[in-house]
Structure formats: C-alpha cells, structure tokens
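Chain nomenclature is as follows: A, B, C and D, assigned in order of appearance, with residue numbering initiated at 1 for each chain independently.
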Amino acid sequence: MIVAGFCFWRGDGLALDLSRLTPFPFALTVDRLSAFFLLLICAVGAPVALFSSSYVERHYSGAKADSMWLLLPLFLLSMVLVVTASTAFAFLFGWELMTLLSAGLILIDGDSERRRHNIFIYLLMMHAGAAAVIASFLLFLPHASSLDFTSMRAAAASMPAGLRTAIFLLSFVGFGTKAGIVPFHLWLPKAHPIAPSPVSALMSGVMLKTAIYGFVRFTFDFLGGGPIWWGYLVLLAGAVTGLLGILYALTEHDLKLLLAYSSVENIGIIYLGLGAALVFMANNAWAWAMVALVAALLHALNHALFKSLLFLGAGAVSDAAHTLDIELLGGLLKRMRVTGTAFLVGCCSIIGLPLFNGFVGEWMMLRSFVAGSELPAISCAIILPLMAGVLALIGGIAVACFAKVFGIAFLGRPRSLAAEQATEVAASMQVAMTLLAASCVMIGIMPGMMVSPLTVVARELLHTPTLPNAALSISHTLPLIAACVGVLMIVVAGFRRIKRVTPTWACGLPALDSRMQYSSAAFSKPLRKTFSRVYEADRTVDVLYANQPYFPKSILYRSVRTTSFERSLYRPAVDAIVNMATRLRKLQTGNMQVYLLYIFLALIALLIFMRFA
Amino acid sequence: MGLIELAAAKALASSAVFLFITLLMMASAKRISTCIVLFSIQSAIMAAEILAMAYAGKSVGAYIVAALVIAVKVVAIPYALFRIMKDLKASQDVASSTTGAQSVFMMAGLILLSFFAVAPYAKTLRLDEDLLAAAVALLLAGAFLMVSRKKALMQVIGLLVLENGIFVAALTTTYGMPLVIEIGIFFDLLMGVFLMGLFVFRIRDTFEHLDVSKLRRLRG
Amino acid sequence: MTLVLLLLVPFLAALIVLTCKQSTRAVCVAMSAGALEVIAIANAVWRIRSNGVLQSGRYLRADGLTAFFLLNVGLILSLVLAYSIGYLRHIPAGRFSSPRWFYSLTFLFVFTIMAVYLSANLGMLWICVESTTLASALLVGFYNTKGAVEAGWKYLVVCTVGIAFALFGTIALYLAAVRSGVNPESALDWAVLMNAAPSLGATGNLIKLSFVFVAVGYGTKIGFVPMHSWLPDAHAEAPTPISAMLSAVLLNCAMYALLRFDTITSHAIGSEFSHTLLLIFGTLSITVAALLMVVQRDLKRLLAYSSIEHMGIIAIGVGLGGPLGLFGALLHTFNHSVAKSLMFFTAGNVRENFGTLRMRRIQGMARSMPWTSAGLVVGSLAIVGMPPFGLFISEFMILTAAFSASRYLIAILLMVSLSIVFGALLHHFQRMLAGKRVDVPVKLKLLPSDFAVMGVCTMLLIVLGVHIPGAFANLLQRALVVLQ
Amino acid sequence: MNLAIDVIQALLLVAIAPLVSGVIARAKARMQNRRGASLWRPYADLLKLFRKQDLVPDTACGLFRLTPAILFAVTVTAAAFVPVLHPSAIFGMSGDFILLVYLLAIGRFFLMLGAMDGGSSFGGIGASREALVSALAEAPLLLALISVAILSHAVSLSGMVLCTVQQYPFHLSAVYVFALGALVLVAIAETGRIPVDNPSTHLELTMIHEAMMLEYSGPSLALIEWASAIKLTLIMALLIGVFVPWGMATSASITALAIAPFVFVLKLTALAIAVAVIESSIAKLRMYLVPDFLGMASALAILAVAFTALMR
C-alpha cells in the first residue's frame, strides 16, 4: 500500500526485472497507471483482509481456513502482478493465476452441482477471454521486437490499421469478458454470489478493475486511441451493459446476486466514460478526452470502494441473519447500526448521490457528455449528450433498486425470525466497513484529493497539459454544499424536541405484522412491468382455493427469468461443438480395416498434394 | 552368350509379369491356403530376380539376400502360416467383402494405376518401368487385401505382400540396401509374423472367431 | 562403449528378470537394472555435453538431439518403474501376465527405444522403430482380456502397415542419396546425409516422395490424425505404466525419427514442403483430438486423445520452425511427457480404487482419494497449459512463434482447440472430483513410491513453469543446433 | 453585493413556497365555485405542525426522523442554485444543473427510505410508485436542461438565463419548444401534481407522495410539506428562469433590482394559476400510464438535444 501511494504521487516507475530467472522476459514496472490500480487494490484489499480475519474464523476451520488464508493473499498478489506487469508474459501469468485462484476460493464454500456448474462456466469463459487477450498481445509480435510494454507501445504506432483494429477488437472482447460487459457478462452473476463474501468483494471490487486496467492499457496506452467507431462501440457496450445490468439487478431478491448485477451496471458506466474518451480522442479534443478518462478511472476506484463495502455488508448480513434473501430480512438497521449505516453509505454512493463518491465520477462523465456537443461531427454532437440521458436513466433505476434493497432489508419490520434475532457483527468487520464507508464519504465531499492525482495519470496516457477548469468546478463546490446541508440539518434538527413512539397506523386493524409489509417483488413491480420487454420472464401464478371461491387459501407467484443471451448465444455454440464431436466419434468405427483405409487415403491424398504442391 | 545369362535376362524381363499373375490369382483365391502358396511363389519369383541381378552385378551380398529370401519368405513364413492354420482348425474361407470377379477387376485396376503412377519416376530415374510398377502394384495389392479380407490370417498375408512390394522397390531401384539393413528387415519381418501368429491364437481363444471385422469393442 | 552400455543394460535386464520366479526378486532386479540404465543415460548425456557427438562403430551415434531425448527416456523410465512397484500389487496372475514377464517385456521395449535413439543409420532406425511396435504390442495385450487382445492386434497391424510405408520412404531417400553419388554403404547414415543434403536437391521429387511416405509411416506411430486410430485403444487397454511409457516415450521416439528425416529433407529441398506437411498434420490432430475429448467416456482414452492433441502441438511447433518454434516444440515434448505420465499414474490409481475408468461412474474423488485428486488436478492444469506449469511456457512459445510468423489461421485453430480441451477436461474432471465419497470394494493405499512419483512430476512441472535451469536450457540449445 | 442578492433570492424562494401552494389551492377552490381558504393558510398549518408533538412508529429507527431534516436541508440547498432575481446563484457553476437534479434525488431517496421505515404497506406503495416516477423522470429532466445548456453554450443555469434574456421574446428556436414541453411534463411528474399524482388525495389506489408521508406528523410533517412546497416553487422558478426570464435584473442598477421581485412574483402567480387550471381540468392518469406520460417527455427531450446539433 505504501509503495502504491508512494509511486502514485511520485509517478516515476520503480521497475523490477526477473527476466534472468524466467524463460520469457518477466518484468514489473509501476508507472502512474499501474500505481493507481495498485492503490485501488490495496485500498480495497486492506479492509477486506481485516474483514475476513474474523469472517474466516467464524465460518471455516482447519484445512478450509488454512486454504482460505493461503489463497486470499495469493489472489491479491496475482492481481498486483497483473497491474504491475510490464511484459506480456508476466501479465498473462498473473492473469491466468488470478482466474484460477478466484475459482479455488469459490470452491472453498463447497462443490454442489449448481456451484460446480457455475464455476465451470466461469472458468470456461475466462479461458476463452484469456485466449483473446493472449492473441491481442501476440498480434503485436510481427512489429514489436519483444513483448515488453515499451516496445509494444513503440510498435503500435507503425502498425497497419487492420492489425490495430484486430488488436482493439480482441482486447475489447478479451477484457470485456473479464469485466463482464453484455453479452459476456454471463459468468458474473453466476460466479460472484457463490463466493465467500470477502472474496466476492475482491472479485467485484478489484478483479473486474484489472480488466478495465488491461483495456485502458491497450486502447489508450498502446494503441493511443483509434477511429471514431471504436468509441461508439465502447459507448454502445457501456450503455447496453449499464441498462441491462441495473434492470436485472432490480428484479433480484438475493442480495449478492443483486450486487453482482449492479457490478455489471457499474462496469457499463465505466465503459461509457472510456467510450466518450475514445470519441473525444478521435476528434482531437484531448482536454475533454482527459475529463472522460479521469471520470472513468475515478468511477472505477469509487466502484471498487463502495461495491466491496456493499459485499462486505452482505457478508455481515448473512452472518447475522443467516440468509441473503431480502424477502426474509428487514429491520436490520435497528439491530446492526454500524453495518446498516455503512451499507446505507454504500447505497448512497452506488446510486451516485451528491456528497458521496459515486456522484463525482458520474458528474464528470455527464459534464464531458455535454461538452460532446461542441464536437464538429454531428453524430458526436447528438450521441454524446444523449448518453447523458442513458446515464441518468441508469441512475434513476439504480435509485429505485437500492431504495428497494435498503428499504426491504434494513428498514421496517423483520420478515423472519432470523432477521429478528440478528445482532451486530464482530468489531473487526465493523471497522473494515467503516473504513470503506469513510473513504466513500471523503472522496464524495472532497473529490479534489482524487481528481488531481488522476489528472496526472491521464496526462501520462493522453499527453495533454491538464483538465479544463469547467470540469474541476465540482471539486470546489461540493465542500460548500456539504457544509450548507450540514448546517441546515443541524438547524432543522433543533425544531423537533419532543418525540413519542406509537404503533404504526394500521387502518383500525388490531396490529400490523410483517406479512403486511411491502415485499421486494412488489416494490420492483411497476418498473418490471414498464420494462417487461427486457426480462422475457415466464411467470406462473398458482392459486389454491379453499372450499369456496374468492377466498384462496394460498397464492403462489413464481417468476423465472433466464437472460436471453444464454439461450440465444451460448447454448447453440456449445451444442454445435458437441454435435461435431459426436459426428467425429462415429469415424472411430472400431473396424480396423476402416482404419487402414484411412491411412491409405491419407497417403494417396498427400501424394496428390505433392504432385500439385 | 551362355544359357545362364539368357535365363537371368529372361528372369529379369519377365518377373514383373509373373508377379502380376500371382496378384490376380490371389485376388481370385477363395481359400487361405491358396493365398499362402501364391505368396511363396511370389517370393520365389523375387528370389529368382535377385539371383539374376546377383549374377549380373557379381555381388556376393545379393546372393546372401537371395538365400535369405528363399529361406524366410519362400519356406519359413509359408510353413509357419500353414502350421498356424492347421492348429487353428478354422475354416479356410478368406471371407472377402467383395466377390471374386470384383476383386480381380479391382486388382487389374490397381496394376494399371501403378503403371500410371510410376511413369514419371521411371523416366527421370532411368529405371525398369514394369518392375517398378510391379513394386507399387504389390504395395497397393497388399493394402487392398488387408482392407477387403476379413480373416486375421489374410491380413498377415496382405501385410507380407505389401512388404514384398517394398522389397521389390528396393531391389529394382537400388539393387538392394546395405546387407545389414536387409538382414535386419528380414528379422523384423519374421518377428512380426511370429507375433501376429501369436495374436491370431489369442484372438481365437478370446473371441472364438477370426473375423477381424467383428473386433469392434473399442470405438469412439 | 557408453552407448553400447545403454543397449546392453536393458537387454540383459530383460533376460535376467525372466529367470527370477517370485515377483519380489523380479522387482528388485528390475529396480537395480533401471537404476543402472538411468546412470548409464546420465553418463552418456554428460559425455555428449562435454564432447558434442558420441560415436561407436558404424551404427551407433548420439548427438545433442539424442541426448535430449535420452534424458526424457531416463526420467520417464525411472518414474514408471517407481510407479510400477505400487501398481503391480494388483496385477492378476496369468500365463504371460506376471511381474517378471511385465518387467522383461518392459526392458525389451526400453532396449528397442534406446536402439532407435542411438542408431546412426536410417535403415537401422526403421528396424528399431518397427521392433518397438513388436515389443510393446505384447505389453498392450498384456492382460489377455478381450479389449487388450483387440487393442494389441489393431496396434500391431496398423502400426506395422504404417511403418512399412516409412520403409518405402527410407528406400526412396536411399535411392536419392545413391543417385546423387553418396557411397551406397553409408547412404543411410544420417550424419552423412546431413552433409550430403545440399547436393540431394537435384532429386527433389524423390525426396518429397520419401518424406510423404515417412510422414505417413512414422506419423502413424506418432498418432497424427487420421492415422491415430490405434492410439486410444492401445493407451486405454495397456497396463497403466505402459500407457505412460507409450504416451511419454514411444510417441516422442517416433517424433524423433520424423525429426531426423525432416531436418535432412529441409536441408535438401528447403523446409517449405516438409513443414507444410507437419503443419497440416498438426492442425488436423489438435482440432480432431480436441473435439473428440469432449465426448470421451473412458479416462484413459481421454488422456490418449490429449496425447494426440499434444503431438499435434509439437508438430505445429516444428512446422513453424525457427528457434522459438523448435525450442518450444522440444520443451513441449519434455513437459508433455512429464505431465502425461503424472496423469496416467493418477488414472491408474483411480482404476485400482474404483475398479473402473468410466468417468460417469467415478465421483467424490476429492474426498475419497485426496492425494491422487491433487495429482489429477495438477496434471490437468498443466496439460491445459495453465501457469505456473511448464506447458504454459512451451505453448506460449509455440503461439508466439505462430504469431511472429503471422500464421494467424493456425494460431486461431490452436487457441480454439486449446479452449475446447480446457472445457472438456474441466467438464469431465469436475464431475469425478466433486460429489460425496462413495464406498469402493477395494480401498487403494498409496505407497511412498507413489507419492514420490507424483511429487517429482509436480515439482518438475512447476520448476519448468517458472524457470528453465541453465543446464537444461543448454541441452535444449544443443538439440536445437542439430535441428537447424 | 451579488452574494447578498443570491442569498436573498434563495431565501425568497424558501419563504414564498407555502404561499404558492396557497395560491394554487385558492385558485382551484375558485374554479370549483368555493371561496377557499386564505392564501396564508399554509403558513398557519406549518406553524401549527411545528408546535405539535413528533409521533414515531414503533418499527422505525433513527433514519425515520432523520429523513425530514435531510429532505428539507437538501431542498433548501437546491433552491440556492436557481437564479431568481438576477442571472446568477450562490452555487452557480459550470454543470450546476446536473448537481441540482442529483440533489433533488437525495431528498427523494431518503423520503422513500423513510416511508418504508414506517413498516406499513402504504409506505411501500408510495415508495415503489415514487421509484417508478423518479426513475423515468430523471433522464428527460436532465436531457431537457442539457439541450438548453448546449444552445446557450454555457453549461450553467445562470448562463442559460443570460442567453435567453438576451433574445427577443417569442423568437426562440425549436429547441426551446421541445425543451419547454419536456420540462413542463417532467415538472408535473416531479412535483406530484395531477395528472401524475394527486396531492389532495389519501386514497391508496392513487396516492404516491402522500402515501410516503403518511406516517409522519408534527414538525417532521411540517418539514416535509414545506420541502415539497419549496421543490414546487423551485421548479417553477427554474421554468421561469430558463424560458421567460425577462424582467430579471441583468444590470446591478437599483431600479432593476427593485422591479425584479415583483416581476418574478407575478410570473410565479400566473404559473400557479396555470397549474390550478390544469389540475382542475384534467383527470388523473392510471398508474401504469405514467411511463407513457414520461416517455413523451423523454421523446421531447431527445428531440430537443438532437435539434441542438441539427440546427447549428
């Protein structure tokens, strides 16, 4: 952490070269970009480690605890390796390890059929993504003398457009798979929820960011931007990912699943920023490209902070109430003040409320979108500002989504005995969450302390002097607003002295019970109805009537949502492969004479080939 | 010129034709024993050929090779095959998957094909065309027998014919390889036939039949 | 003398071990013989390192390439022998299937393989390769079960036919050499041929012809698709140590033979033709094998197909040529042999424990046999080319070579099939490993030797994955020099 | 001097907010041939409520009581963004309107939470419906403001105001038309007036905003009522500032400053009466027609943005 902060401020690379030992050049260099992500990793890693210290001892014992403590640091280390690597080999080494270790960590919680299936999909998609990444690295080869980053950077300039495009697309797909942009997000909601909470915090908070890092490395550092349609592609990906992510999140009742989907959404937001930056670069509007990039990176950091905070909160909740189904929670804020407050801060940040960190990134992003209208190309001038609308829509739905989460899970009456008997979690957990929450608020009120260093990072990537003042105004205003709101609240609080606790008005009924509260499904119903097109949910309502009609004994409502991507994209591919394999299998007839025939045919074919080659 | 030269010249000139005849007869043969006999005849022809060459080229090594051929291919292997057949007490039928007529026609076709195939090489390498053709024909014929005959023994015989083809090729092109190599190849051949005989017995014991086309437990 | 020793030890061992009736003695003899052989190999390799090429008589020679493969044999042999101690406890007594027969045949097999590597003459080479088939056919059919006999028979016939073509090719090369004025007596000596190679260009067509036949012939033995048909049967039905030997030694041995021809051909008529052939076979092999791995049901067949796939990768490496490609190919040969033998060993344990290799019937391995499962996991991670294991490096090298030669199609095919393989192995193994433990009739107890074997394999894989020792790299370099 | 005016205008907004709702109520009463309550009635109500006791449901926790404070504080802060008397404001800066929109979101978010803390199903109903409206209203609101901002080449409210002031009345580009349309629709939705929501109903089938504050009483209720009144006024002031700012003190001359308040109040009254007319002449929409209503707003906003690019 110290190291990270140090070279983050000093910015000059400290490099470590182990090439002597390894068959391939294996070097680590920390330039500003890596330093920033290093900082991000540590900023999340430290609290998570603190959290897991007591989490592990509560949940695991013996071998499991040991393996947890073995794998968790290794996992962090692999991510550090990824962001600090300065040769392709080192990068890929860390990249693959990262996948494997995370899978191992997930496995610690057991290996039921479903879990294994999810991990299977996770690993498979990661492997495919890694293949794309490897390819995008190796595509540099004909032009770069070796695969260390400096020479790749140098080579990128001289490469033909086609190759550059290929590299861009490959890295887009490869890192997109890791980042979980639609339609490569399939694994994310499968893998994150089943991991132990600290691990899912790391996966969502940090691991996804390594993909962002990789993408930025390639597109901005190596390739230095490209034609305008790259930007549009990324923008499109971001918009679709963001919208679908938050819409899927809205319908979930499992806390961690919901958070996983909201990670998808936030990745989408980050990609929006990156896309805008690319568009600006294509138009040579470097200053604003810088704003967009800074916004994206800042949002990456913020998301790392509040998403890990939320996942830790989820972990605390499952500790206290032994469930993650928010339909069974409620009233937790009363019973777990610290956790609840921290979680509330997390919610406020993730929906981008001012005075919380989530807002700063989004504001800069919106600001840059508006600035897009100044661009000469009509298409940019229309598309970028409209993206602001998309971002606002995402934000609006996010408000609904997290109002639901917090309102149902932490407020009102407990909906189950477990929730009623929930108690505050261990101190170290509280401290961990408080730290994260504090950092969220701090960045939210004084964004300057993150924006200015990030400007330095962006400057290194874009080679432009500095941000336009228009984009910095926020960091001056927010403290004032914070002060203003604070003062007003204190003043107002003075008005209300007397307070009397009474039962909630029950429309004359004897008393309200928890069944009468609004459920999570009910809460999200209006929005689900509005966007029903997206969900393609198949619903079933079983009404069980007692002897007479009109007074049903029980009404069972089930709504199954399978994302259409799984059905329309992945299934067919897998089926195709399996079919091909089974056909090939038939060729292995078991009849030796046929085998001999194969040999003779091969021979004849080659002889013919020889005659014509 | 003496009688022997005449004989040698005749042997060299006409051996190819004889080889083709043996092949055609093999194709039409219904019984395994016939094929074995034909094989030994075939080998004998080759032996004669080598003797002729040895006489023409005055090389001692060639005589030894000829002796080996007679010893191994004309006598030993056919004898071994007959023994195996006797011990197996299995039916004589070659169990062809093609009718006799079809086989003969295919064989003829293969012979023509071989002529067509070797033409360019024979020109460039200044080789005796029909002997080279014979070599290739033997190769193809062996392959054909292995693919089309279902009996394990016939596979062995097909393999031997194929081997003969290679042998003839070596002979016609380079007047034989270095002696040591030749001997080694013969040894291998002998071992191979021995082993295959062993396996034939094992097949018989474990499967109660010798139809290799029915050995289809392992697939996929 | 060094070289003669290499041949003498296994030959005598084969005879001696046959004489000792009770199995314990046989085992002892075998172990000591194995130790001797390994020492002899080490000695030979050392000599070669110190003074380039070893020659004894007209027919025995060893150079850098040989040294590399010899090392490979020595390693695998020692592993296999160590593993066989534990394995042979379960061997059912039969007419020919008793420990002494097993060891005798194994040493015969080793003898032939040694002969292949040491023969200085391509004719000899052919003879020896053929005799490896003969020696191993009996081992494949060792158990005399229906499957074993069938596999043995197919192996014997298919390989003999294939090898016959190789002989034809050899003769064609011989012819070419003689025609271009090389002394007929030494016209099959590969050293001589290498020197004469530039002058062989005149008879280009003939050289091509010979290489086609040789590629098909030895390709059959290597297991290139479509000549691979014998391979899964043989690997699946042979006793497990032998499966390891086949996969980790025999295939390499055939590959070695092909490499000799390839270098000569390349020197004679340029590498374009032969390498194209190798690339064709390589890509065909990896794609087909990868697809077939998806639908396998038997563990050892699965491993066999993976061997085919890896032979394909090696062929691609050679076909791409260049220092990187060749280096990667050789390194991959070594890595693959280690990883694959590890996996076969684990497969053997599984067989002994569950009494079956049907992957559907196996579950709860992780709980019922943790160490073997660990071995399996390590092995499979290595096999699919994950860091920090050696194959990651060699595959990365080959990919690098492919990209820097801008052979994009091949690179893509390689990557796709690697992903498919990954999916296939993951799919099969997660089923076997996970789940609750099942009670099995015979509970397998691992001997220290088994642990040692698996430990050594794992260690080697990891070491080669993070850092190639200087001595080893040096050895590889020497082999490379021979190939270029 | 400037700062002083900024503060004054913010306070003015806060102060006359109740009056606005009074005016609207009075106007509606008149249209229904009632005499209606006095214009100052809302002030009296607030005073009464502040004197009362603060009832808190047994299920609720601290957040329930915190909510009104937050809501009020945020809304008042938001009021400090709007140019009323002259084209600048306390927190005027580049991109301030984005901040304004998000500030309002804070209040809404906490109001939802507070409602759900009550533990009755009414709170849930209200929150869920409010969630729907706000989720869909935010985008068009932002887009409409952006379109005007683009047109004025100044990404701040004061900039927009200046730009409009300097043009001749009734001589505005199409963008203004679309933007105005969008903003009006959104304003209706945001402030919870008919046809989206009916502030004077307590029927669970229809109420949104009322349902959320059902559990509140005493000072808390007062704060919420006041805050929503401020919000209404604020948005009206926004409309006035952006679309009919004429009469604002563009120069620092005393006369201009003296006139400005009266002009503003006149405009405000007119707008209030307009609202009353709309409310008493249109029926409330079904809940699930609100998305269409806001969809129209979004369409207009998108057109507005598109036209800024097409018409330059």
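Annotations for the structure displayed:
Assume a residue touches a chain if its C-beta (ideal position, glycine included) is under 8 Å from a C-beta of that chain, and two chains touch if they have at least 3 such contacts.
Small disclaimer: the values here were computed from a predicted structure and weren't measured.
Taking subunit A out in thought, with all other chains where they are, the connected groups by touch are B, C | D.
Chains that touch both subunit C and subunit D: A.
Of the two chain pairs considered here, A-C and A-D, the higher C-beta contact count falls to A-D.
In whole angstrom, the spacing between the mean C-alpha positions of subunit A and subunit C is 45. Rounded to a whole number, the gap between the C-alpha centres of subunit A and subunit D is 35 angstrom. If each chain is reduced to the centroid of its CA atoms, subunit B and subunit C end up 32 Å from each other.
Centroids of subunit A and subunit B (each the mean of its C-alpha atoms) stand 71 Å apart.
Within subunit D, not a single residue touches two or more of the remaining chains. Touching two or more other chains at once are residues 153-154, 157, 161, 209, 232, 292, 295 of subunit C. Shared interface positions of subunit B, defined as residues touching 2 or more other chains, are 143, 146, 212, 215, 217-218, 220. All chain pairs in contact, by the document's touch criterion: A-B, A-C, A-D, B-C. On the subunit A side of its complex with subunit B, the touching residues are 585, 588-593, 596-597, 600.
The residues of subunit C lying in touch with subunit B in their complex are 59, 121, 123-124, 126-127, 130-131, 134, 137-138, 141, 144-147, 149-154, 156-157, 160-161, 164, 167-168, 171-172, 174-175, 178-179, 184-185, 187-188, 205-206, 209, 232-233, 236-237, 292, 295-297, 301.
Contacts from subunit A toward subunit C in the complex involve residues 21-24, 89, 92-93, 96-97, 100, 111, 116, 119-120, 123-124, 127-128, 131, 134-135, 138-139, 141-142, 147, 577-578, 580-582, 584-585, 588, 592, 595-596, 598-599, 601-603, 606-607, 610, 613.
Across the complex, subunit C meets subunit A through its residues 153-154, 157-158, 161-162, 165, 208-209, 212-213, 215-216, 220, 226-227, 229-230, 232, 273, 276-277, 288, 291-292, 294-295, 366, 381, 384, 386-388, 392-393, 396-397, 399-400, 402-404, 406, 411-412, 415-416, 418-420, 422-423, 426-427, 430-431, 433-435, 466-468. Only residues 120-121, 124-125, 139, 143, 146, 152, 155, 159, 162-163, 166, 169-170, 173-174, 177-178, 180-181, 184-185, 187-188, 191-192, 195-196, 198-199, 202-203, 206-207, 212, 215, 217-218, 220 of subunit B touch subunit C when the two sit together in their complex.
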